[in-house]
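Worksheet for the structure shown next.
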Amino acid sequence: MRIVEIPLPQLGVNDTSAKIVEWHTDEEKFVNKGEIICTVETTKSIFDVEAPDSGYCYFLVSPGGEVNSGDIISILTDQKVNKEELLNLYRNQKAVEQRIDDDEIRITEKAKLLALRLNIDISKIKPDNYVINEDAVLKYYESLRSGKIKTDFEDTMDDLFPDNRVERIAIIGAGDGAIQIIDCLNKLSTQKAVMLFDDNKSLHGKKVAGVPIIGNVDYEKISGLFIENKFDKLIISVSTSISFREKAFDSLVKLNVPFTNVIHPSTVIGSNVKIGVGNVILANCHIGACAKISNNNFISAYCSIEHHNELYNHCSFGPGVLTSSKVKIKDRVRFGTGIFIEPHITIGEDSVIGSGAIITKDIPPKTMVKTQINYIMRERPSGA
Amino acid sequence: MISNEEIYRQLYTIRKTEETLLGLFSRGLLNGTVHTSIGQETIAVTIMNCIDRDRDIVFSNHRAHGHFIAYSDRVEELIFEIMGKEDGVCAGLGGSQHIHYKNFYTNGIQGGIVPIAVGAALAEKVKNSGSIVVVFLGDGTMGEGVVYESFNLASKWSLPVMFVLEDNQYAQSTRRDLVHAGSLSERARPFGIKTLSIDDQSFENLFANIKEVVNFLRYSSKPVFLHIETYRFSPHSKGDDYRNTNEIDFYKAKDPLLQFRAKLTEDVILRIEGEVQGRINKAVERGLNKLPLSIDKFLNLGE
Amino acid sequence: MKYVESLNFALSNLMSTDEKVILVGEDLADPYGGAFKVTKGLSTRFPDRVLNTPISEASIVGMGIGLSLRGFKPIIEIMFGDFLTLTFDQILNHAAKFYAMYGAEIKLPMIVRTPMGGGRGYGPTHSQSIEKYFLGIPYTRVVAPSIFHNPGELLIDSFSFNLPVIFIEHKLLYPLNLVDEDKEIGIENLKDTFNFPVVKVKNFTNKDPDIILITYGGISKHIFELLKILKTEEIWVAVYIPALISPIKFDKLDDLLTSLKICDKLLVIEDASVDFGWSAEVVSRFCNLGIHIERMGALNTIIPASKELEGEVILSTKKIYSKIMEIIA
């Protein structure tokens, strides 16, 4: 059965409502298109309403009733029906139309705004009765923050061991030292490099062995990232500049950012060894029993810190530096490669020991030791 | 009937006050400006002595000193007002052009006060008080539209308004024939308003006519338009007189004040003038020592 | 009760209790009863005190001033607010001056009431909201009732100032029902420092507002619709609507200042063309609070007769909605 609605026509500018004065036909009577079916009165005038189509006419408003512009005052049908049944049918049809509109989820403007402000993907929120409101967004946000729901960012950190968190390490310096450290970390199951910092802007956005270089060595920023829980510990990969190592270490410690140690698994560490933080110890090193290593030292491969040694802070070792027992190395000493140190020696702070030296007596602070070696060099003959 | 002595005293009070004010300006003792009515005093004195000053209402304009003195005799307060002192008629706030005292009101906008006068007349008519309203116009005022709106209303509603046109031939620096079409004296007649054209040369004539007009107003409650030909000897405000001095001298010779001098004896004249001068001088002296309204009081007038 | 009925009843009550009240204006008499029917029935009841005047706006107001000076309480109707321009000299240089310049001794109770506003397609000289040119005249008051106020009561209270009052009725409000309570919005009656009502309407309870609005008069029609729409979108709005719009005596209202501490976004809205208007003055009162303030009004042009164009020039619920969403984002 077809139903045609007759709305109250557009009224003049002064009125938004009108009164039904009288119906000019009887209910259920058949009216022709164009026939006047009722008279309507506004504050300024009286006018007639025509039937837009032909059909059996049923009234929705009684005479004297007030209607607003656009309201449906009567319906026409192509069949004669019982009025009550007709009204039910009509109302149901209207309700169905409404539900079709409603199948779309409604998100309140406030919910949209909040989602924008809080950086939330609103499509992840489950609607309640087809509506997503401010409360729903806030609840979702809360559950994100408390860690009950994983975000993409955290997932990549925890992808291997969701239950035992791997120590996420941020590396300062993206040069050769970093490569060595990352190589080291790749062998370690409890530590992982997650980001690097380097003052060379051209490196930003690039990667070292898959680990992103995200910005300058900006202590405040690094501290901020730590507070935002973007990494767990720091390590400084720069081995060439001791002053840089020391400054970076001290500054970041002051900002309460913690350092870790990165020690290659092939390194043998003896009993009762005490190691501070911020130390890098690369492959195949030997730390003798009861040795004490303080902080922020960079020890290349094949070095040996023998038993009862005391290594202070911020020292840098080239490969193959071997100490004997009870050697004391103070702050900021730099070693070249292939160096041997006899027992009970103390090397004063800020000294530089050149490659190939064999240290047989104490070295005072701020001393440079250079080994003089005589070479005979000549061009290698061809064919040999 | 008012005595010649009294009339002369009133005329001379106005004349002397106006001259004194102009003199004070020259001596740098006054601030602002004044519009003096020297030469037109007779109109003021006549009208104020014909109306009932206790209940009738007067609306005037920028050139109101004469009207005010004839209405109230408050010479001292007028001088204080123009000096801007707290003891002035309006606490020094209105100054020369904006005065209110009892039933006397002035404002400085040409023609603006005319419909207000008509409203006042309506009020009195509704109250059945028997009061009449006098409103002073100048030839210049006849350029303003509201004047004609007022004629219409006063006539249609039959209101007791005496429109007095003090036609001194000049609006500031402009001669009336340069800016007015038609006849000024015929302006109100088309509105059905009874019109009288007269000049201020004979006091008796003026007095008799105005007395009649006042009666007419009071008992018929219909408006009247009085067109009075007069002349001012003083400049429009001060120092801005470009009229032909021959013309001014011509009218000075016919100064209506002189009529009264002629009627009185020398000793009476001297006495009156002496009293008036003394009074004014004293007022000036007192006024110069007075204070203006305090700024606190002014800012707390009761917003 | 409808806005226009409130005025009509108040006039009727006022005239029956106070014989000093006189109505003056054009076409006031029955059966016409005024261009917007505000004075309907009054000339029949009080034939001597409803004066039908010729078309002389300046003199109509001038006469009102004269009546007031001599002890009456005139209510002067200017048929369209647009014609108020013809009365400007009488208001500014006469009515507004007499109290102060005459030494603060006289009383001048008088009301000039007039309909303002567009939305009916009447064209550029019958649709303006030019109360803005009458704001800030010392020793006058401008009162503009909204649908949340009681216009009739405000009319009666306007005499209490004993100074000239310009009473602004937005013509679109005449047929609307006054709103003093509603299921969906909260309505609170506050007072400014002249004891005139400031209505606070809001669409929330137990929440912090997202934005504060200050507006008056005809805009209240939009506010009523808007608050409900914004409620469904969970945008929480508190609106302060003063009845006395000049002088401004609501800028130190505790409730308002507290709201502005909680919410740092303020939008001031007026009917009139926006530049140099009421909203600019209101904004200046709050510009030191360090909050985000904006204002909006009609476009700075004529109000054209064409329905669509008129709709673009004057404010609509939709425009206000968009502006609010823009500020909150």
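Things to note:
The letters A, B and C name the chains in turn, as written, and every chain counts its residues from 1.
As a working rule, a contact is a pair of C-beta atoms (placed from the backbone, for glycine too) under 8 Å apart; a residue touches a chain by one contact, two chains touch by 3 or more.
This structure is a prediction, so every number in the text was calculated from the model and none was measured.
Of all chain pairs in this entry, the one linked by the most C-beta contacts is B-C. Nearest to the common centre of all protein CA atoms is the CA centroid of chain C.
Set against the Cα centre of chain B, the chain with the most distant centre is A.
The distance from the centre of chain B to the centre of chain C, with each centre set as the mean of the Cα atoms, comes to 41 Å. The distance from the centre of chain A to the centre of chain B, with each centre set as the mean of the Cα atoms, comes to 88 Å. Remark: chain A and chain C have CA centroids separated by 53 Å (rounded to whole angstrom). Put simply, chain B touches chain C in their complex at residues 57, 89-91, 93-94, 98-100, 105, 107, 109, 112-124, 126-127, 145-146, 149-150, 152-153, 156, 301-303.
Those residues of chain C that touch chain A in the complex are listed here as 119-121, 175, 210, 230, 232-236, 307, 325, 328-329.
Here chain A touches chain C in the complex through residues 13-16, 43, 108-111, 113, 116, 133-134, going by the rule given at the top. Remark: chain C residues 22, 48, 53-54, 56, 58-72, 74, 89-90, 93-94, 97-106, 138-139, 247 touch chain B in the complex.
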